[in-house]
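Provided herewith is a single structure, encoded as structure tokens, for subsequent inquiry.
Per-chain numbering from 1; labels A, B, C and D assigned in written order.
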Amino acid sequence: MANQKQDSIMSIQNLTKVFKSGLFKPEVTVAVKDVSFEMRPGTILSLVGESGSGKTTIGKLILKLLQPTGGKILYKGKDITAIKDKEGLKEYYRRVQAIFQDPFSSFNPLYRVDRVFDMVFKSFLNEDNKEEKIYKALESVNLNPERILNKFPHQLSGGQLQRLLIARALLLDVDILVADELISMLDASTRIGVLNLLVELCKKNGMSVLFITHDLNLGYYVSDYTLIMYKGRLVERGSTRKVYENPIHPYTKMLFNSVPDIGKMWDRSKEFLPEQVVHDVRKFYKENQGRGFEEVEEEHGVLFSDTY
Amino acid sequence: MGKYLSKKLLIYLITFFIAVTINWAIPRFMPGDPISILLSRFSGLEGGREIIEGQFVQSFGLNQPLLTQYFNFWRSLFAGDLGISIYVFPKPVINVIKEAIIYDIILLVPAIILSWIVGNKLGAYSGVNRKADNIMMPFFYFLTSAPYFWFAVVVAFIFGVKLAFFPISNAYSSTVQPGFNLPFIFDFLKHWFLPFLTLFLVQLGGWAIGMRNMIIYERSSNYSKYMESLGASDRLIRNYGFRNGILPQVTGLAIRLGTVVSGALLTEIVFSYPGLGYLMLRAILNQDYFLIQGCFLFIVIMVLAANFIVDIIYMIIDPRVRLSYSGEV
Amino acid sequence: MAAREFWKRHENLYFALTNKKVLIGISIFTLMILLAIFGPALTPYSYDEFAGEGYLPPSKDHLFGTTLMGKDVFTRTVYGLRSTFAVGFIAGTIATLIGCIIGFLAGYYGKWIDEALMMITNIFLVFPLLALLIILAAYLPYRGIMTISIIVGMTAWPWTARAVRSQTLSIKNQGYVNLSRISGISVFRILREDIAANMFSYVFMVYILQFSGTILAAVGLEFLGLGPTQGVSLGLVMQNAVNWNAIQLGLWWWAILPGLVLTILVVSLYFINTGLDEVFNPRLREM
Amino acid sequence: MRENILEIRELKAYYKILKGDVKALDGVTFNVRRGEILGVAGESGCGKSTLASTLIYRKPPLKYISGEARLLGQDIMKMPEREFKKLRLKNISIIPQYALDAFSPTKKIKTFIGDLVSEHGIRPNKKFYDKVAERLDMVNLDPSVLNRYSIELSGGMKQRIIMIISSILDPDFLIADEITSALDVSSQRFVANLLANLRDEGIIGSAMFITHDLSILYQIAERIMIMYAGHFAEIGPTDEIVKNPRHPYTKALLASLPQVGIQYKDKRLTGIKGTPPHLLNIGPGCRFRFRCPYRTEKCEETPLREKVNEDHYVSCWNSKNIGSDNHG
């Protein structure tokens, strides 16, 4: 991990987020607990987890849409939780951007889609040659500007809208892109195009992409590194190949066993219960009591026990 | 469940506290110096001097610091001392109100409950029967738009004057002897009927419209679709829809209680029915501020108590609240 | 072609203008406004003048008849209608504004701001407002239309705040609000362009209900004799009628007609509101 | 060959809206056999969910146009509603797409099941609830869930309970509409297996599993039908479809499917350019022709359904040119 630190552009350290609701007898939910990882330029990091695992919360914390309860998020060495003023925030968003899950809800239905470009130009960019720049960005995501600009969101397809948002990130030449389930609302035939585009641009422009997904196959297809989340915890982390080929945490194993895959049949003779994983994980933690998050090999770490 | 109720109770306590504080503050801080008006009105009455001594110097304590006045106010409130009425001098306000409030209760409770039940039934019918819907809906809109007192006038004119079926003022005739005797009860009911009818009908429209929309909404819900897919009869699906549609209607009852009570006050005035509303009007006309305030306080208490009852009912019928899955109503 | 494009873009407007309820409602409402504006010019009398003999039933000279003392009921009604409209506009606007601001803040900022504001709202919600109005109005020796409107408006907002809050909550979680936030857009612009603009149709419907609600509340006050201390109002006309035992004396026109005008006005507002509801919620349209 | 439980011939159902007809299901022909799970796949708007609605829950604006659907020999399209009601739950049943939201919030699960079967003349007595408990045990749920309300249950539990309810009267034909889409990976596997178990145990006669996820179908379906934009594209045994697709759309769909073991660096998957056509008042012709690399002039005509192999049918004019060489 030594050299990983050197060129990391964003470092997440012991990130924790606790939600409290209710004024008098607050209910406490631990959404994210003690999560650490690094993001490097030109790499795609997939954050895999089921609903309620805390993966989306991490995305929101990085985007400063939420404030962390504990831990640090260092962007180029500076803790972003300290950014409070408008200018600092603007400077941060100049380089750290996102694409959200639902393309249709990402656009205000009352405005033409051009608004997303107008906003970034107004806030971040020099307005010279604005049109030319937008055209270039749209063309590089394989969209025909003539057919896209001046349209209302409902006149375009989900795939087109997501491409448009990728073009927006391109215009800004961002360092970090949080892609939260960006293709889960798209159909199989269109999503691969969007995905390929994302990887291509990441490699070409040296972006660091946090690819948040529940789909293991997609995660495997695009990412260099993989993070597995379970109940707010980062349970396994490492280079994608290593995690997929040699999963160690029982939750990770269960995920790989249950993902449907063409060409590999599930073993239907074995009883499979989703509840089982809770016990398996508890047992695993118990057996490894006292151990914490450890590196098992180079670029592959596992959470052995949550009671360190 | 406990959380839900305690949260509600807290709101009611705060509301009561505010109501009392308003009551204390208004005569002291309103422009026009109402206290001097009160003083001058009392001094003209026989025995008024003693009242001024007793009320104003001791419990009102005008020469004491504000905070002390405030605590004294609370103390006398818990002692049941709301002052002396001018309108029915020299009766204590609390006694005047006690006599009046019984009329509000016998008017409001049946009107609210019956109207709610009948309104919901009619609305549910309207929601599944297009023909009935087209005929009944305009009528319901008319009812729900009518000011209570205007509708009371209309009812009084039709049933009391034109048809002369019912008397249109007072709670009973001066010719009958109040008590548990048949002539009195009959006479009482005759006087009670028109104000009741007014309250019943005006509310009816709102409940019917609400239930009709709920039924249509529930009918397009997923569980309705599922049940229909599995061959459930329209009747069963309708019953399910009604059961779920009732929930927001109970919430609606809580929200509208204030309006209904206000409507009852105005209706009583039209029929000279001696409840709090009629009393309040008399108090206003006589500038009897003690009585106005007493009425105000009791109206607040009445509405809060009714709200609390509705909350308990809601908790019983909605499993989500009972099981603490949602604190919102 | 351009027209077609226009209707395609403004589909809701098209549905609104072809909705029977909306059309009927708007027609009646407009008629009432015209009556309030031009009514006083149409009648030769003034509202406090003894215009003729008393006890006259409706006729060509006195459309709504005369009072016991010979005042022209129609004249009093149209003047009263003016004051009613004024109260509706002012109090409705105040109530909608307060409700929107509190609902916005509670929904958008959440956390303790939400808890505190909703606590206040719930307290106002359980408060019997007419009683509060009475106690406020009773101690005010001089009351103008403005005063009445303000105290009515200040007490009528709670349900609006709750409704607006839940709308804000659902819009706040839309992706485009987050996208605007990470686009370095000011909170004010987000509130205006992303939240308020998308709530416009909803708030408009709320306003209609507030308009009718505040009118009814104000008329109740007037009926108790706590309305404006000068001039004439619909509630006052009806209070006079009841005080003078108009119905017992058979002067039904005095007691009933002014209230009927008011009721029709409120019905028209309800029609517009439900019609618009059907326009914005296609689920109700099917019925 | 096993008995056909369901026979669909040239079935058409349109959404009749103000602007015209949305031809969401436009001439589909297939059979469902006893004991099989037929998978139906395609992207959103392909007509797969309309097919489910047409068979069991037709409500305006969806309207039956023509064709037939024979359930155990009786045409359920032309059957009076009152008669068809009796077949529901007993002969034909559905696990709807919105299964997690299919409960009435104010009724206990027990009441809900009891009310539903009472409608079919079955008394919900102890014997009946014993059977329910047995079924619940099959899905690893305690019988105590019967006394709960839906809000007390997790998503996975609700999905399983709906599956039990829908199959409680042992229907001959069960429609499973996107039953895995709303679930997490782990529950997906359980639920898909459960469907197969219901079939294995003979509780359901046959099932039609509608999903957008081909890889799940691969796990449990005997045969797969592919639909595109309201048209039938291809039907055949699962292995045939996956290894030897003869419709260009099936082929493209498979090529766009990510699998564990395939990384971007090693092998670039390809998507399909463009989007499906709008179905409002759409004319004749193959509906895939706008995105199809094999397009010819002939494609302006609606392709006919033809047999290309044992049990393998395709609707494509150029199916002969589409090789079996490049996938699998």
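Here is the rule we use: a contact is a pair of C-beta atoms (placed from the backbone, for glycine too) under 8 Å apart; a residue touches a chain by one contact, two chains touch by 3 or more.
Source: prediction; values computed, not measured.
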item: Chain hops separating chain C from chain A, counting only touching neighbours; value: 1
item: Per Cα centroids, the chain farthest from chain D; value: B
item: Chain occupying the most central position, where position means C-alpha average; value: C
item: Chains most often in contact, by C-beta pairs; value: B-C
item: Inter-centroid spacing, chain D versus chain A (mean Cα positions, whole Å); value: 32
item: Euclidean distance of C-alpha centroids - chain C vs chain D, Å; value: 52
item: Computed distance of Cα centres, chain C from chain B, in Å; value: 22
item: Centroid spacing, where centroids are CA-atom means, of chain A and chain B in whole angstrom; value: 56
item: Multi-partner residues of chain A (at least 2 other chains); value: 22
item: Sequence positions of chain C contacting 2 or more other chains; value: 286
item: For chain D, residues contacting two or more additional chains; value: none
item: Residues on chain B engaged by chain D in the complex (per definition of touch); value: 222-223, 225-233, 236, 240, 243-244, 247, 317-320, 323, 325
item: Contacting residues of chain D [partner chain A, same complex]; value: 43-44, 140, 156, 184-190, 192-193, 196, 212-216, 218-219, 242, 252-254, 256-264, 268-273, 275, 328
item: Chain C residues within the chain B interface of the complex; value: 119, 122-123, 125-132, 134-136, 138-141, 159, 212, 216, 219-220, 223-226, 238, 241-242, 247-248, 250, 252, 255-256, 259-260, 262-263, 266-267, 269-271, 274, 283-284, 286-287
item: Partner chain D, residues of chain A touching it in the complex; value: 50-51, 157, 159, 187-196, 199, 214-218, 220-222, 240-241, 244, 254-266, 268, 272-275, 277
item: Of chain D, residues touching chain B in the complex; value: 56-57, 59, 85-90, 93-94, 96, 98, 101-107, 115-116, 119-120, 149, 151-152, 162, 165-166
